[in-house]
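Okay, so chain A shows up in both of these, paired with chain B first and chain C after.
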Partner chain A sequence: MESAELLQRESFVEKNARQRVQHLVDAGTLRELLDPFERLSSPWLGLQDIVTQADDGVVIARGKIDGVAVVVAAIEPAFQGGSMGEVGGAKIAGALELALEDARAGKPVVPVLLLETGGVRLQEANCGLAAIAEIHAAIVALRAHVPVIGVISGPVGCFGGMSIAAGLCSTLIATREARLGLNGPQVIEQEAGVDEFDSRDRPMIWSLTGGAQRHACHLVDKLCDDDAAEIRTAIARAVAQPVADLPRTQAVDAHLAQLRSLDTSRRADAEWARQVMAHDIHGAGDPS
Partner chain B sequence: MQRLSLDYPAGEPAAQRALAGVVGSGDLEVLLEPAQSGRSTVAITTSVDGVNDIWTAVIDRIFADTDQPAVALEINDFGATPAVVRLRIAQAMEQAASGQGSA
Partner chain C sequence: MTQRQWTTRRDDKQDRMAQVAPWLDAKQLPADRITDALYALIAPGDRVIAEGNNQKQADFLSRALADLDPERVHDLHMIQPSVGRPEHLAVFEKGIARKLDFAFSGTQSHRIGALMMDGTIEAGAIHTYIELYARLFVDLIPKVVLTAAFKADRDGNLYTGPSTEDTPALVEAAAFSGGIVIAQANEIVDDVSQLDRVDIPGSWVDVVVQADKPFYIEPLFTRDPRHITDVQIFMAMMALKGIYAEHGVQSLNHGIGFNTAAIELLLPTYGEKLGLRGKIAKNWVLNPHPTLIPAIESGWVETVHCFGTELGMENYVAARPDVFFTGADGSLRSNRAFCQLAGHYAADMFIGSTLQMDGDGNSSTVTTSRVSGFGGAPNLGCDARGRRHATPAWANLAPSADPMARGRKLVVQMVETFQAGLKPTFVDSLDAVTVAEKAGLDLAPVMIYGDDTTHLLTEEGLAYLYKAESLEERRAMIAAVAGVTPLGMSADAATTKRLRAQDKIRTPEDLGVRRTEATRSQLAASSIADLVDWSGGLYEPPARFRSW
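Now for the complex of A and B:
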């Protein structure tokens, strides 16, 4: 890409969570729920001498995207690594549960999740994990009624229990800068040793867990550049899609067959992973 | 973590509330709400200990003009430099005056 073109482009990654929501939602339709002035912040961080953020790092907003009613939940990557605490997690879970009530009442609202998170907030442990479990359950219930859209734009990526939430989404959109994985590089290195996974080897990490690789392995449906307009267009297309016949995570037999074909005595690399996962189990494919 | 409260003479209440920044590394969050006429308050929570004198000097300077709108500021700081403190407060003040709620 030409440098002039790069300079012209409006970055999505560089926006904070609230700016991302403002960018996505049609002008004049945005209504934030539990905004920062409600001061629903973490009751746990202060006890541990950590400064809180007034919205606990999660922005919830109702609005429309190209006329389609949506509820956007955006995690702030800069606050505590986008970690999911009790309050932020409950805000997302509550928003999804309200969307489910609306869907069942015949007033569909499409959830859009901006997943920018290292997973559970360790300082809040089980309270955060409980919220993540509620988020999973709500996504599974919702996707029978409406498409559930996940977006991982970077720079944090999406890890831990929230990577499962990403996997449960009907459509997952990512950039090259994004990463998706159950465990982050440092956790894998700590558990399996530096010979197995060197957490400082950034090209290797992105080659295995980066957005482009996850797209090639059909774990991500749509790969976008870090371009605010392109990402908005991809989200607008996804929210207007019909409900998927077979969500990725219900194609259990096909996934098991893939896993059985693996030779686990061999060390995985990016190319081999692409070969093993060449078949798109999801079926929906690239929505573009 | 330390807390610090300051107050200053001020003019009429600010037009509306506003928000600027996030509690990220080297940054801070400012929540601005209109206060009662004549007095502005600033409540700071900061992750950095032992720099109350610097905070007081920076905020004193920003509120030196006593004709400014009366505001109640809540600041949640994660190690912002004085320049970033000034920038975020200026952003919040500008939004409160311009009619664009929060960013």
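Now for the complex of A and C:
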């Protein structure tokens, strides 16, 4: 890439959650729901001597992307690692449920989820988990009516229950610095031992859970550079897609067959994972 | 009158070498003979250099040294530009060595501090690099040098490649004074024609030995742009406007902190916006910092001479020979002694950071738990009083137009008023003073003296300390930019107002730098991956810096 091009390139990752939303929606269409002035912050963090944030780290906004009505839910990675607490989780779940009501009423609103999150907020435990379950249910219901777009830009990644939310999306967009996995590297190392999974071995971690690998394994639909314009274009294309006839996660038989074919005595590596998952199990094919 | 014997040093060397001669093939010693050879070649009380650089460690030899029996080899006086390996300190704990003269301790700074305080190490001095090299030719002439090379041939020719660093200075001191030079190499070849190039001629080297594994390299100068904060960017903007542009700084050295990494990454963006390309920051004395890549690629940097190398930068440097000093083989030639001299005498400016500064402007990175040494900072961060050439920036600091008036090197300390853990940077008395007392040092280990510091930059403002007309005024200027630290709270508002009116201090507003503009989106590269993109894929970051 030329220097001039690199200097022109605007980073998406460097924007905070609110700036990301502002960047994505058409000028003049943005309307934030439950903005920071509503002072909806976590009732639990203060009890544990942790400073709260007036939006609990989640920005919800209605607007349009290239004329298509959307609701964007952006998780702020800089606040508590993008963790899902009771309030932030309920904001996303509530926004999705409103979108579902709209869709059923014939006024489709496409959800766009910016998923920079380590998963449930440990300080809020079950309250966060309950919200995540509601998010899952809402995505499944919504995607019968509208495409649901997930974006993981990195470098926090998307883990825990929210990785399931990412998996449920009709289109998932990621950068090469993003990671997607149920358990984070430290958790795997703690459970399985450092010999099995060394959480400091960064090339190994990204080779298995990084954006490029997840794209090669058809768990991510579109791989973008950390380029704000390119990511917006990818999102705009995805929100305008028709609803997939068979979402990836409903192709249960094909996934089970794939899993059954696995030789679990073998240690997984990036190349093998790509071979095993070479086939895209996705109703609408690769939208990219 | 008895005949004076004029060849005792040479004779002693010949006696020692005669003991190892039967084991040598040309100059190559079988690796399994290394312990025997060290017993033969090192005598109690010898001055010994175990080469430790930032990027090249004679670690096979220093491990062998640490395994010797202290009954047979003891009271060594170790001379080390850099103490970077655990075994460098094990020789003291085991009683093989007693006295230490060094310049930098980096990763061993906590342990070395403890050993100095409890008397296990008798500290000579904590030097600056060229000072230590200089003493190798005067009063610290070494008997044995343990050095390291990427490759050697059987005749002792060494290829030290991009990590040449200290080797020429250390080897020269022994090779021409009846000392013994022992070199470990990652690979030993049969013939000189198989070496990429010859950095040290074979006639300076007495013994070569193949190391059991390649020497250890630590990527010391890689700063991940992800960790640069908005405050650092804010201060970098103030530095570019209030110092680089103000004085027309063309030749310079940067410290290794995130502050200066931020400046490197702002040159192609904010610097470009200020129209400064081609006017500032053209000639560098600097290790190949990955964060300098965008400035090089966008045409800011004309030349870079390096103290040492940086892991992962090899291919990038080799592909930019107009900018970097490279050998006939194409790879970097670094040389710490020359680069330090360049930084001392030929650079307009040194800009770096510190952990503590006292009210007079003396600063140090030594704290009670950490004796890091300063490497080259005191050479770079002081006025070169012997300098006899003018450059625009140097001349700009002259107090008057009088033909006898001299300019000054810019020595800039760039610090946030508080360190991690809310410890104030500004203190009544440096920890270095206490450390000197406890460790029996003649001098307090000050990194940069207040009277050498020409500029102090904090997030509160920029103090042009060279404009101070008295020590008292210098103190007031430091207090004026010390924020809400106890020193800063003691600043007198009226005095601060006067200093501002006299243009001796400037606030961010005076400089026209807005806090709201200081965001990470100003950085030319915001991640290691971006740096790789900027390098066209030539930069190969070490695994631990990868996040893709």
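One rule holds in what follows: the second predicted complex is superposed on the first by the 282 of 288 C-alpha atoms of A that agree within 3 Å, B and C clash if a C-alpha of one lies under 4 Å from a C-alpha of the other, contacts with A are read in each partner's own complex, and residues count from 1 in each chain.
FYI, contacts are C-beta pairs under 8 Å (C-beta built on N, C-alpha and C of every residue); 3 or more make two chains touch, one makes a residue touch a chain.
Only a predicted model underlies this, so the values are computations on that prediction, with no experimental measurement involved.
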- Return first, second, both or neither, reflecting whether A:54 touches chain B, chain C, both chains, or no partner chain. first
- Task: Once the structures are superposed on A, label A:18 by its partner contacts, choosing first (chain B), second (chain C), both or neither.
- Result: first
Return first, second, both or neither, reflecting whether A:206 touches chain B, chain C, both chains, or no partner chain. second
Ask   = Thinking of the overlay built on chain A, is A:177 touched by chain B (first), by chain C (second), by both, or by neither?
value = second
The chain C residues in contact with chain A across the complex are 226, 268-269, 272, 294, 297-299, 519-521, 523-527, 529-530, 533-534, 536, 543-548
Note: in the complex, chain A contacts chain B through residues 16-19, 22, 35-37, 46, 49-54, 57, 76, 78-80
In the complex, the residues of chain A that touch chain C are 1, 3, 6-7, 10-11, 13-15, 154-155, 176-177, 200-203, 206, 210-212, 226
Touching chain A in the complex, chain B uses residues 1, 17, 19, 22-25, 27, 29, 31, 33, 45-47, 74, 76-78, 102-103
